[in-house]
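What follows is a pair of complexes built around subunit A, which joins subunit B in one and subunit C in the other.
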Partner chain A sequence: MIKPIQANRVASRTILYILLVIVLLFMAFPIYYMVITSLKTPSEAYRLPPTLWPQTLTVESYPFVIEAWSYWRTLANTILVAGTAALAATILGGISAYGFSRMEFPGKAILYGMLVATIAIPGMVTLGPIFLAYKDLPLLDTHMGLILVFAAEFIPVAFLTMFSYFKAIPKELDEASAVDGSRLIDTMFRIIFPIALPGFAVTFLLLFIAGWNDFLFAFTLTITPDTRLLTVRLFEVPVREGVNRTPYDLIAAGGVLILLPLIPILLRVQRQLVEGVLAGAVKE
Partner chain B sequence: MIGSHMLMAALEKQMASVSINDVQKRYGSYHALKGVSTQMADGEFVVLVGPSGCGKSTLLRMLAGLESISEGTIEIGSRVVNDLRPKDRDVALVFQNYALYPHMTVEQNMSYALKLMNTPKSVINEKVGNAARILNITELLKRYPRQLSGGQRQRVAMGRAIVRDPQVFLFDEPLSNLDAKLRVQMRAEIKQLHQRLKTTVVYVTHDQVEAMTMADKIVVMRDGIIEQVGSPIELFDRPRNTFVAGFIGSPSMNFIPGSVKDGLFVARAGVHLPLPDGARVDAVTYGIRPEHLKLGEAGFPADVIVIEPMGSSTQIIAKVAETVITVLSTERLALQPGSTIYLTPHVESVHLFDPGGQRIES
Partner chain C sequence: MLVAYWIVLPAILLRLAFTVVPLVQTLYLSFTNSSLMGHPRFIGLQNYVALFQDQTLLSSLTFTIVYTVASITIETILGLLIAILLMQNLQGRWISNFLMLLPWVMAPLLAATVWKIMYYEDGGILNEVLRDLGIIHEPVRWLSDATTAKFSVIVVTVWKNLSWCILIFMAGLGALPRDVYEAAEIDGANAIQKFFDITLPLLKPTTYLVLMFRGMGEIQTFEQISGLTRGGPGTATQTLALYAYQRFFQELRYGYGSAINILLLLLTVAIGGFFAWRLYRASR
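Up next, the complex of A and B:
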C-alpha cells in the first residue's frame, strides 16, 4: 500500500522528469542532428525526409572543410582574438569592479550607471561608426582591431560579474590586510584577487565563449582570409566543385568543428560555471 | 651591545600608551562620537563597553586607522597617528569574524604581515612557531581556515596579531561568534595572554561580563560619549549615573522611583525604604543591586512574579510599589509565584540618584 503523500511525491517527481527530458530533447536535438548530418554522405544529407541515423557513416566532409577553411589557422585566430579580449576585459573589469566595490568617490553612482548602460547598446548601432573609424585608423582587417572591440564590449560584463563577486567578499579581509601592513596593491593582488580567482576564471570563460560566438563584428571588421574567425567561415559555406546545391554535410561538419574545441573547456568548468553564475559567495 | 639593544626595546615598549583627546566622528550629519577623551597606560587592558551604536567600535576602528578622525587627536606612544595609515601605526586588530585569509594556511595567515616587512624567513618561522606554541595551535599550521572550528579560528586570529609584536592589540568583539562555553574559556585565555605579553590591549565588547572579568580599566560609552571610566570594582561600587549603574553588574541594579521624606525613601504605594545616614533630599531614584536585598521576616513587602533557580543561587522577579525588581538569594527557597516576600536592603550598598540620573554621593 502506498500512502497518498508518497504517491503524490512520486507523481510530481515523474512529471518533473518528463518535463526535464522534453526540455533536454529540445536543446540537444539540434546538436545531435548537426553531428549525424556531418557524418552523412552529401546525397544522404540532402535527402527528404531526413534520416535520423546515417545509412552510410563517413567522415569525408571533415577533411574537406578543414582544408577549405584553413581550419587550423582560423582556429588559432579565434583563440587569439577571443582569448586576448576576454583576458583584457576580465583584468580591467575586475580591477575597476574592485574599486567600485570598496571605495566611495564623487560621481560613483553616475559612472556605475553609465557602465551598466553600455551593455544595453546594441552592437548594430556602433558597428557602422567603428567600421568607418577603423578604415581610417587603420585597424580594419586586423586582429588588434577585433580584440579592442571585443574587449570594450566585454568590460562592462566583466565589471558586473566581478562587482557582485567582490561584494560577497567580507570587507574585513581588506581591513585585516591593511592593518597587517598591506598597501592597496598588496591587498588587491595578494588577498582579494586570489580569493576571487574562481570568479575571474568563470568571467574569463564566459567572455571567451562570447568572443568565440561573435559573428557580427568579426564578419564586418575582417576582410581577408588571414584574419577571419571560425563563425565567419561558417557563413562562407564551402562548396564542392561541380555541385550546385547547399552542402548540408559540410555546414554541419563546420558547426561541429566550431563547437568541438569548446567542449573540453565546458566540461572542465561546468560545475564552476553554475556556481559562479548563481552566487559569488565566499566561504567564511 | 645586546644589553643596550634590549634596553631600547624595553623603552620603546614603555611608550605604548594610548591617548585619545577630544575625538569626534561625523558621518555626514550623524554625530557618531561627540568628543571622547581618555588615557590608556602602557600594558593596560582597557575594555570599551556599551550598547550597540554607542560608538565603541568606531573608536576602535579609528585607533586602527580604518576610520578617519573628524576632530581631535589620537596618540599611540608619543606619536599622533591621525594621518598615519594602518600599516604605519604598529597595531594589530582581531576581528569579530576573525577575517582570516581563506586562501592561505594558518602558517601563511600568521606570517603575512612579517613577509610584507621583508622579515627573513628564519625569523618568520621562529616567531610563528612561538606564537603557535603560546596559543597551542602548532598542529594546525598547515591547515586552511575552513578546516578549523570557531575556537581554533579565534586562536589563529590572535596568533596573527601576536607575531607582529605590536605596540597595541585591538580586539573588536572577538568572542561574539563563539558558543557560551567556549567564550568563557577564551576569555580566560585572552586575559592570560595579556598577563604574559604585557602589551596594551583595547578590547571592545557589548558584554559587561566580559568587561568586568577582563579589564584593568573599563570605559563605558553611550550615544557617542564616555559615561564613566574606571576599574571594574569602581564602576560597580560607585557608578556615576543610572546608565552605568544599570549597565554594569549582572543581574542589573534595581531602580525604584520615589522621594526622600523624614530620613526614609518613600516609593509609590507608600512603601518605605531605609536610607544611609545623611542622604540628600533631592534623591528620586533608589538603586539597589539584587544581591544586596536580604529576604527575611521583616522589611518591605514584594509580590513574587517568577522564580528562576540557577543552582548556586536563585533569582526572584518580584513587584514592589508598581516597580519590577530582581532579588538574588543564595539560599534554597520554597517560594511560589504570587506569594509575598519581605526584603531588607543592605543600607551601605544603596545608590541614590538625582532627577538628572546623576549619582548622589552620601
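Up next, the complex of A and C:
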C-alpha cells in the first residue's frame, strides 16, 4: 500500500514535470519549427495548413541561402570581427580589472563609478555621432571600425566578470610572488592570469556571442556586402526567381545557419552560466 | 603608483571614447537643426519643444513605457517561477538547461525572425495549432492588428530575455542560506509560506537587479521591432529607439533625432537609477 504522504509526493512530482514540459515547449518550439521549416521542400513550406513534420526531408534550401548571402565570406567576417573585439575587450578589461582588484590609487572610486555608469548609455544614443565620425575618418564600412565599437561595447562585461574572478583569487598568491622579487606586471602575467585562464575563456566566449548577435552597429556601420556580418543578412530575404510568396523555407534556413555555429559555444559555457558566472559579474 | 594608471586606464579610455564622447556630441546636436543639407544652426530648445507636439513621438513614448513595464513584469515573475522549477532536482537537467538557454544565445533579430515564421497569418503554425485546439475560430492577425501586434512583440521580447532572468534568479536562489529554511520547517511552515515569508524577501536584491538590467534593455528595444513590425501597423508598435533611428538615419535629421535620443537616455538613466537605488537599499 502506498502511504498518503508518498502518493502526495508522486503527485507533486508529476505536476512539476508537466510544468517543466510546458516551459520547455514554449522555449524550444519556435526553434524546432524554424529547423523543421528549413528542411521542407519549397512547395511544402507554402502549403496550408503547415506541417509539424516535413513529409519530404530536404536540405535544398541551404545551398540557395549560402549562395545568396555569400555565407562563407560573411561567416569569416563575423568570426574576424566578433573574435578580435571579444579578445581585445577580454584582455583590456581583464588587465584593468586586475589593477582595480589589487592596487590603491587616487581616483579609483571615481574611475570605477564612471566605467559602471556608462552601462546606462544606450547604443542608439552613441550610434549617430559614431556614424558621423566614422564617415570622416574614414572608418565607415571597415572591419576595424566595427572591432573598435564592439570592443568598447564589451569592456564593462569583461571588466566586471574578471573583477569578480580576481577578487576570488587570494591576494597571498600575489604577495608570495612579490617576496620572490618579481614585479607587478610579471606577477600579473606569470602567476595570476594563468590561474584566471578559465575565467578569461568564458568571458571571451560570452562576448563572442554578443558580437555575433549585434545588429544595430553592424547594420549601420557597414554598407557593402563584402563587409557585412551574419546577423545583418537576416534583413536580406533571399528570393527565388519568379516566386511571389515569402520563402519561409529560405528564411528559416538562414536562421539555422546563423544559430548553428553558436551551439558548440553554448554547450561549452552552459555549465558556467547555470552556476552563476553572469550573476557574479552583474552583482559587483 | 603611476603604473596603476597604465594598467587600468586603457580599457576605461576606450570605453569613454565610444560612450561619453558621442553622448556629449548627441547632446550638442540636439540643440541644433543639423541635417544632411544646409549649415547647422544653434536653435536652443526648439527640438525639445517640437518633441512634445509630435503625435508620433508621444504615441511611441507611451508604447515604449507600456511595453517596458509589461515585459519586465512578466519576465521577472516567470523568470523567478521557472528558476524555482529548474532548481527542483528534476531529471534531465542538462537538456532542460540547454533548451532554456537557446533563446538567450540568439540575436534579438533572429528571435524576431523565428516568431515571424510562426505569426504568419494565413495558415501560419500558431493559428493552425490554436484552431486545432479549439481556442480560436478566426485566424488571429498577430502582426497586422494594432492591439494584437503590441501583444505579439511583447511575447517575443519575453521569450528572448526570459533565459537571462532565469539564470540570474537561479544564481540568487542558489545563494540563499539553507538554515533559514530548516528553521522554518521545524516551525511547521509549508511551501507557500516559505516562498512568501523567506524566498521573496531574501530575493529582493536579485529581483531589483533583474528589473534594473531588463528595464534598461527593454526601454531601448529596437531590433525585435524592426524585425517583426517595423513599428507598424501605423505607429502601433513604434518604440522611441526605432523612431530616433528613422529620424536620424532615414530622414537624416540629426538634430531632431538627437533630441529623441536624449529623451531615450533620460528614460534609461531614470529606470536604471531607480532600480539601482532600490537594489542598493535592499542589499545593505
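Definition applied: the second predicted complex is superposed on the first by the 255 of 284 C-alpha atoms of A that agree within 3 Å, B and C clash if a C-alpha of one lies under 4 Å from a C-alpha of the other, contacts with A are read in each partner's own complex, and residues count from 1 in each chain.
Convention: a contact is a pair of C-beta atoms (placed from the backbone, for glycine too) under 8 Å apart; a residue touches a chain by one contact, two chains touch by 3 or more.
Keep in mind it's a predicted model, so treat the numbers as computed, not measured.
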{"item": "When subunit B and subunit C are modelled together on subunit A, clash or fit", "value": "fit"}
{"item": "Which superposed partner A:Pro170 touches (first subunit B, second subunit C, both, neither)", "value": "first"}
{"item": "First, second, both or neither for A:Thr37, with subunit B first and subunit C second", "value": "second"}
{"item": "Subunit C versus subunit B, contacts on subunit A by residue", "value": "C"}
{"item": "Contacts of A:Pro129 with subunit B and subunit C, given as first, second, both or neither", "value": "second"}
{"item": "Following superposition on chain A: angle at subunit A, subunit B versus subunit C, Cα, nearest 10°", "value": "100"}
{"item": "Touching partner for A:Phe159 - first (subunit B), second (subunit C), both, neither", "value": "second"}
{"item": "Subunit B versus subunit C as contact partner of A:Thr220, first or second or both or neither", "value": "second"}
{"item": "Touching partner for A:Asp186 - first (subunit B), second (subunit C), both, neither", "value": "first"}
{"item": "Nearest-approach distance, in Å, of subunit C Cα atoms to those of subunit B in the combined model", "value": "13"}
{"item": "On subunit A, the residue positions that both subunit B and subunit C contact, one per complex", "value": "282-283"}
{"item": "Residues on subunit A engaged by subunit B in the complex (per definition of touch)", "value": "170, 172-173, 175-183, 186, 190-191, 194-195, 197, 282-284"}
{"item": "Contact footprint of subunit C on subunit A as seen in their complex", "value": "13, 16-17, 19-20, 23-24, 26-28, 30-31, 33-34, 37, 48-50, 52, 89, 92-93, 95-96, 98-100, 103-106, 111, 114-115, 118-133, 148-149, 151-153, 155-156, 158-159, 184-185, 188, 209, 212-216, 220, 231, 234-235, 246, 248, 251-252, 254-255, 258-259, 262-263, 265-267, 270, 273-276, 278-280, 282-283"}
{"item": "Complex contact set, residues of subunit C against subunit A", "value": "1, 3-5, 7-12, 14-23, 25-26, 29, 82, 85-86, 88, 90, 94, 96-103, 105-111, 113-118, 120, 122-125, 128, 159, 162-164, 167-168, 170-172, 174-175, 206, 209, 213, 216, 219-220, 222-223, 227, 241, 244-245, 248-249, 254, 257-258, 261-262, 264-265, 268-269, 272-273"}
{"item": "Subunit B residues touching subunit A - in the complex, by the definition given at the top", "value": "64-66, 85-87, 91-93, 95, 97, 99-103, 112-113, 116-117, 146, 160, 164"}
